[in-house]
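Notes for the one structure printed next.
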Amino acid sequence: MGLIKYIVRRLLFLGFLILGVSLVVFIISHSVPSDPVLANLSQRNIDNQEMVETFKAKWGLDKPLYTQYFIYVGNLLKGEMGTSIRTQRPVLEDLKKYFPATIELAIFSMIIAIFFGMLFGIISAIKRNRGIDQVIRGISVLGVSVPSFWLGLMFLLIFYAKLGIAPGPGRLSPHLAPPAAVTNFYVIDALLEGDWELAWDALQHLFLPGLVLGSFTMGLITRTTRSSLLEVMSKDFIRTARAKGLTEKMIIMRHALGNALIPVITVIGIGFGNLLGGMVLVETIFAWPGIGQYAYKAAGNLDFPAIIGVSILISINYVVINLLVDLLYGILDPRVRYN
Amino acid sequence: MSNEFKPLQDDDLLRINNLNVQFRTAEGVFKAVRDVSLSLRSGETLGIVGESGSGKSVTALSIMNLISNPPGEVAGEIYFNGRDMQKLSAEEVRQVRGNEIAMIFQEPMTSLNPIHTCGKQIMEPLLLHKTYSRRDAKAGTLELLKRVGIPLPEQRFKEYPHQLSGGMRQRVMIAMALACRPKLLLADEPTTALDVTIQAQILELMKDLRQETGSAIIMITHDLGIISEMCHRVVVMYAGQVVESGPLKELIRNPLHPYTEGLLKSIPAITKVKQRLHSIEGTVPSPFNMPRGCSFQPRCSYATALCAEKVPDLSQVAEDREVRCWRHGGE
Amino acid sequence: MLLRMMKNNLLFSIGVIVCTLWIAIAFVAPVIAPYNYLGQDLANRFQGPGALHWFGTDSIGRDVFSRVLVGSRISLVAGLVTIILASFIGMIYGGIAGYIGGLVDEIMMRLSEMVMAFPGIILAMTIAAALGPSLYNTLLAMVIIWWPNYARVMRSMVIANKENEYVEAARSLGASHFRIFFHEIMPNSIGPVLVLATLDFGNAILLFSGLSFLGLGSPPPAPEWGAMVADGVLNFNYWWIGTFPGLAILTMSVGANFIGDSLRDFLDPRLRKEI
Amino acid sequence: GCGGSKDAATQPDAATGPKQLIVALDPDYETFDPGLAYEAYGLLVLHPVYDTLMQFEDTLDNPVYGIAESLEVSSDGLSYTFKLRKGIKFASGNPLSSADVKWSVERSMNLKGNGAFLTDGIAAIETPDADTVVFKLKDPDASFLTKLTYNAFGVVDRKLAMENGATNAADASTTDKAKLWFDTHSAGSGPYVIESYTPKVEVVLARNDHYWGEAPYYDKIILKSISDPGTQVMMLEKGDIDIAFNLGPEHVKQLADKSGITIKKAQSMTLTFLLMNRDPNIGGPIANPDVQKAIRLALDYQGIQTIAGEGSITPVAPFQEGFLGTLPPRDPKTAQDLDKAKELMKKAGYEKGFKTTLEVATLAVEGMDLPTLAQKIQNDLLQIGIETEIKTSDIMVALDPYRKGTQALSLWYWGPDYPDPNTQLAFLPGNSVGLRANWTAAMNPALAELGKKAAVEVDKETRIKDLQEIQKMMDEDSAFDVLLQHARHYATRDNIQGAEYIDPYKINLVKVSAK
Amino acid sequence: METSVLAEVKHLKMYFQTEGSFSFRKKYIKAVDDVSFKLFEGETFGLVGESGCGKSTLGRTLLGLYQPNEGKVIFEGEDIFSLKSKRMKELRKKMQLIFQDPSASLNPRKTIADILNEPFHIHNVGSKEERQKKIKELLERVGLSAYYLSRYPHEMSGGQKQRVGIARALALNPKLIVCDEAVSALDVSIQAQVINLLEDLQQEYGFTYLFISHNLSVVHHICNRVGVMYLGKLVEIGNHEDIYYKTLHPYAKALISAIPHTDPDMQRERILLTGDVPSPADPPMGCRFHTRCPQAIGLCSQAEPALKEVYSGHLVACHRAYHP
């Protein structure tokens, strides 16, 4: 009951959020000194009044701003996000096309970040203040400090151009054709087709961008796991566990880790959010055909249906991830579950 | 149950000789426990009283070898069942913990792991120290829950600590401590966090269980009322030292150390005639700034020049009565 | 305390040394830079690192070393300004939300959550595209992205402190809301926010360089590190053009983060949960 | 590549797999609807897919027949009668007839897309029989045949297109529903069909088995979107791709001594120029013609060419080398004359110089970063006392003030709308680009007059003479300073042949083959 | 004992909302539920009961720190909840609060001088010099030397901090002081000091104390009259002897019997209650104590007993106690 109520509340907020986000972009993109008409018609057609009228009518640009917004929201409620001025395709279609690439990369890099982040964090906490702890903390700080656009460049230079041990940019090697779209995750689609080689190729292409993208989150997770585990280890119930005669290993595995993970979950959520922001940079370097590049182009072109579309998508994503984090909280922490 | 005094014998269950515990902190070395010696027979209940920070908990934790180093450093001998706990290997100590010696902590909320069910936590020592199968352990746990007076044990078994009230949680702690039928039970302020009516329930429960299991108990508290209800013998601590020890009745009726005396007088009680309370002036000295000589001397109304000069020894004034005061020998 | 921490903590000392060095460089950069950071020399474009040009020269023959040195000023100022403004706004906003509580709090926090849900970089890009890229607009965008973090921490601090008995004591004495807020609650809540702000310095530098990499910072010929890396991507075969400014960003943000990380460990564990 | 093993990254063996060509480029195409596409790279894809009546073979001044067999032009230059080749079939198997031609052109006209202006001069299209098409023009147009090479005139399989929502009706701009379909399908009769299109990733062209002409060499052509030239270089070096199309001058230098790679160089039709506003309210001191002249003399063209890369030249006026009547370019060594420039500044009353803003869009033109060039110009102008502050903005944002004519001093580029000098007349006073500098016809009536005359001149010799006169006049007085006609750099693997540069197509993919 | 009434609480109800403000169905914790009693001038009224029964809430509402859902507090003849804020501020001078946790009730960033200056500052009393003099006097009154003026709270011991808290409460010469667990956090030896101090101050200035505590021995020692609370309700009020030696309510009986005694020889019958205190959000029907009451009868689960005067000045709310 409480859970359903909670989810309903979250979803209500989502609606509110979508309205807010679209309004903000709408205002920004319409307060621009330049005019999407000029930006999107060819030099020739600007001089042609008829062309300009046609264009304006098509995009509703001839109506007052608030009408345009209501038209937009009305369409949104019908599940339509309008048509991108730049690509001239429905925004929803564009998002469907680009988002899976982004999500595939994001998930992959999250897996890397979570696995290594937690592993490093645990080692570091157990060996607190020893050499290995210093090394891991150094790595984790490097992870959160390194500019991703620069790291991507260096990785490509070193591992692809110089050493040739990593594949180049893009989602697949150039001579390979993408698998039939089912999930639009190339690795999974290739596996569905039974094409192991293709799947392997797609997986390899995830590696460098995944690492670059995940480095920040990995650093964050390492740091949080470490401090959270240390904090939990000083709790009274750990003393109780010791008094019961458990070994240190059992104490960490059975009593400390579960509790320590709770704050880590939050950080993972935040990390996932950051990841989508960092996408713009990484996708540019790795020629990754995802939402980041799409957004970058859209912003540059003042293609407001597309900007609103992307913003809404990412905001929804944020809310969904927060929801998941909260639900995970409930799984990990019975105090939350029973409230 | 009787409060009769039992003379010390060589087959003491626990004997602590000259226990010293210090902590290295940012401000300096902090001597939390100084030269504490005490002993305990099987089946006996020993009370430790003293003001906050006087080293009661640290003494108890030292017995279990639970003082972590750093920052703590423990010196002295702690014989349990004839073995020096200090000399045991980590594995041997582990075998003793929860099995032969168990501990109940003051704050039942924070001392239970919030993310495991109560049942699981009670089962843990059983699975660890006894050759129980999971099913036997569960049966044993339910039995334990019943014994500590928890209604609906089947349901409580599945519940998490936060779903229980403070009194219930403390019962769970007790069940957990008793799981392996320990020879020695350390109870560190087990009822301080509880309401009076619940406290009374828990004290009754502990008395019953003591009779059943025959465990020796060290009862740590700052409430002399609880001591006089539960204990056979009492140790009074002040600023990390034992200042007085003896059988309960004698100590209450005839306190030898001025601190004990002051303490007894300053407790308001409904049995007493309403009159102005006696009060010990001043405060407990800071451990970094211990007075010369006797540590109670600045607050003591009997203090003499000698008290400010030399630290009195703990001297035996009668059979099983010791006191650290120049007025009673001291040498 | 600084020295004691430095003695015990290798990473912290590295951080302190690196940051001190960068701050010193920022102060004296124009004096110690071997060349004019704007001086073009087309005859000597794309010179590799060598005795004359330690970090080589760029596509119009400017000395990369001098530009990296002078660029430290922009990065430091950008980081500082963002953090100061964002924490100030966040503090006021979060403070008010936390103090008033109830429906007002709920609405204010939902609003700030909306800003947080909003993809930051896209917001920055849109603002830059709309208003034209410039240092001010970029900083504006960064502040807009950043303040909700502080608002959240401030709010939780205020809510925690609001319950303190000394606040109740002031209230029972008849103190006004203004006095309670500014005399009792604020001074005790500000600490963690300021600490968080200090720790965030490295992140601000990183975000700023990312935005200037995308061409959203000050216009050329300002020696902005992110823009210089972008220049390096453009002139990809001359590795030094992008590598050295990248290393500069890395060292400055690593330095700040080493300090931050150690401080975080050193300070109140309460803060850890807020981050 | 497979984490270490190089073989998978290299070209698949021609003997075992299908023959495929992989091209990396940074394209701007957004749609492959022939009625709508008007981006620079549109024809690269659409030329191999849609046949046109006329097409370019090797040079731009001489369009040749595509699917037309013969042409008759009426003496008044208003009627063009084409006979179509017989027996042509679309990739779908449908036969191609004059009705398809008429339908396609009308659709382009009515869709009102960006390329629709190319059809502006058409009064009517007649189809006397299945193999004959007659275009009636409103006015004579010397560049009509050139315009016919564009995809707006590409012949579409109207049956197939209509099945997928296309229409040629007058209200096509709102009722046509085929755009999305055209993005991933094709309805042409060219040697290739569009097999798939993944925006930002790739376009795959597959051989059209019904093609009427000689079958092309490759079974498949894959056009990869790789926006970063550095990445293109890396991929070419690795052998991941056959052609790296968007290289800057510096990338080419890097590839110069690499084995297995051929560097290609061509003259691009793209110009980069400086706009100097003539309106004193906008330009301030810049509006002074003497100042504008001084600026033209103050710039270090040699340095500018160095930045743009080898092969770039500096035309005298906005007319590209390669077009009819273009004068030889400036000599970069002598074009700069600081003394004279300073004198002119003095004459204009700005001996001490002034401050102004130089506006520039953040993008690269033919591999040259515009903001970098802006910094060079900033540096040069400082020598005659003009202090500039650079203002960068995204292209789409910068276009607005540019088109409205509100920029004082700005750096821009220009590509011809169709390969004919007439398109360059826009730079003349009173014409569209001239007006962006607020350069009105009244400011130089002689030049404006001459421009009007040249636009409709049909006699080739007179046309050349007029055009050259225009250039000379613009050398003396102009609101523009043409800085560069760029060179175009790209590179192929050694075993590729026929990948020659030809402007509207970029590369005629049909002609590429392996050695 | 004085007979003039200083303050009177009439049918006071203070509920706390537990669900968020967006929720449709609101839930309440009935922290104080229809409580009435009188405070006489110069007396010490003890309020005892288990944790969470609403003692603190009652104390704070009495001081006007919470806006009650229902009921009145008449202080010196004025209904404090109907007052204008200016008059209320005046009234505040006469009512003060001393808290349980001496460290939490002092702002850690202020010196003792600042803390003690606060009441004067807020009410704009006296000049700078006068204030300084008064602050010194205050410290003396609570037995601290002027040395502590420039100290911060964390530099002092618990007992000393509690003295500062008391000094602050005394600053504006109040009539009523609510001591909310004022000695509970202190060690026994310090506790005695503070209790003595409170008693001395009352002797000297004639304060009225509302003394909230869960320590029945301390209440026994210091109070003239005692009220026993259970789940938001007062179940028994009487003078000190009535409550401790002629206890009527079964809950009060159990409470008193549960007090541990220092005398090991004392024999007693302990009444052991079963079960826990029910949640105040969802109190039982009828008599709220009936779920744990050893003497409960059928009526108890149906009708809520009213607080009735059984003997003069001895009130109880128990069906079985009305006709002893």
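The first chain written gets the first letter, and so on, giving A, B, C, D and E; residue counts start at 1 in each chain.
Quick note on the criterion: a contact is a pair of C-beta atoms (placed from the backbone, for glycine too) under 8 Å apart; a residue touches a chain by one contact, two chains touch by 3 or more.
As the structure is a computational prediction, the values presented were derived from the model and not from experiment.
Undergrad: Which chains lie in contact with each of chain B and chain D?
TA: A
Undergrad: If you take the chains that touch chain B and keep only those that also touch chain E, what is left?
TA: Correct list: empty, since no chain touches both.
Undergrad: Report back the single chain whose CA centre is most distant from the CA centre of chain B.
TA: Max centre-to-centre separation from chain B belongs to D.
Undergrad: Of all chains present, which has the mean Cα position farthest from that of chain E?
TA: It is D.
Undergrad: In whole angstrom, how far does the Cα centroid of chain A sit from the Cα centroid of chain E?
TA: So the centroids are 55 Å from each other.
Undergrad: Round to the nearest whole Å and give the separation of the Cα centres of chain C and chain E.
TA: It comes to 50 Å between the two C-alpha centres.
Undergrad: Distance from the CA centroid of chain C to that of chain D, rounded to the nearest Å?
TA: The answer is 44 Å.
Undergrad: Distance-wise, how many Å sit between the C-alpha centres of chain A and chain D, to the nearest whole number?
TA: 37
Undergrad: Return the residues of chain A touching two or more other chains; collapse runs of consecutive numbers into ranges.
TA: Expected reply: 32-33, 284-285, 299-300, 302.
Undergrad: Which residue numbers or ranges of chain B touch two or more of the other chains?
TA: Residues: none.
Undergrad: Quick check on chain C: which residues sit in contact with 2+ other chains?
TA: Each of 128-130, 233, 236 in chain C touches at least two other chains.
Undergrad: Can you identify all of the chain pairs that touch?
TA: So, checking each combination of chains, I get A-B, A-C, A-D, B-E, C-D, C-E as the touching pairs.
Undergrad: Okay, in this complex, where on chain C does chain D touch?
TA: Residue list for chain C touching chain D: 38, 40, 42, 45-46, 59-60, 128-130, 132-133, 215, 219-221, 231, 233-238.
Undergrad: Could you please specify the touching residues of chain A with respect to chain B in the complex?
TA: That would be residues 235-237, 239-247, 254-255, 258-259, 332-335, 338 of chain A.
Undergrad: Looking at the complex, which residues from chain C come into contact with chain A?
TA: 10-11, 110-111, 113-114, 116-123, 125-130, 202-203, 206, 209-210, 213-214, 226, 229-230, 232-233, 236, 239, 242-243, 246, 249-250, 253-254, 256-258, 261, 264-265, 269, 272-273, 275
Undergrad: Which stretch or stretches of chain D touch chain A in the complex?
TA: Per the stated touch rule, the residues are 1-4, 6, 8-9, 11-12, 20, 22, 24, 30-31, 36, 38, 112, 114-117, 173-174, 179-180, 183, 198-201, 204, 222, 224-228, 231, 234-235, 237-238, 240-241, 394-397, 399-401, 403-404, 417, 432.
Undergrad: Looking at the complex, which residues from chain A come into contact with chain C?
TA: Counting only chain A, the residues touching chain C are 13, 16-17, 20-21, 24-25, 28-29, 31-33, 134, 137-138, 140-142, 144-150, 153-154, 157, 223-224, 227-228, 231, 263, 267, 273, 276-278, 280-281, 284-285, 295-296, 299-300, 302, 307, 310-311, 314-315, 318-319.
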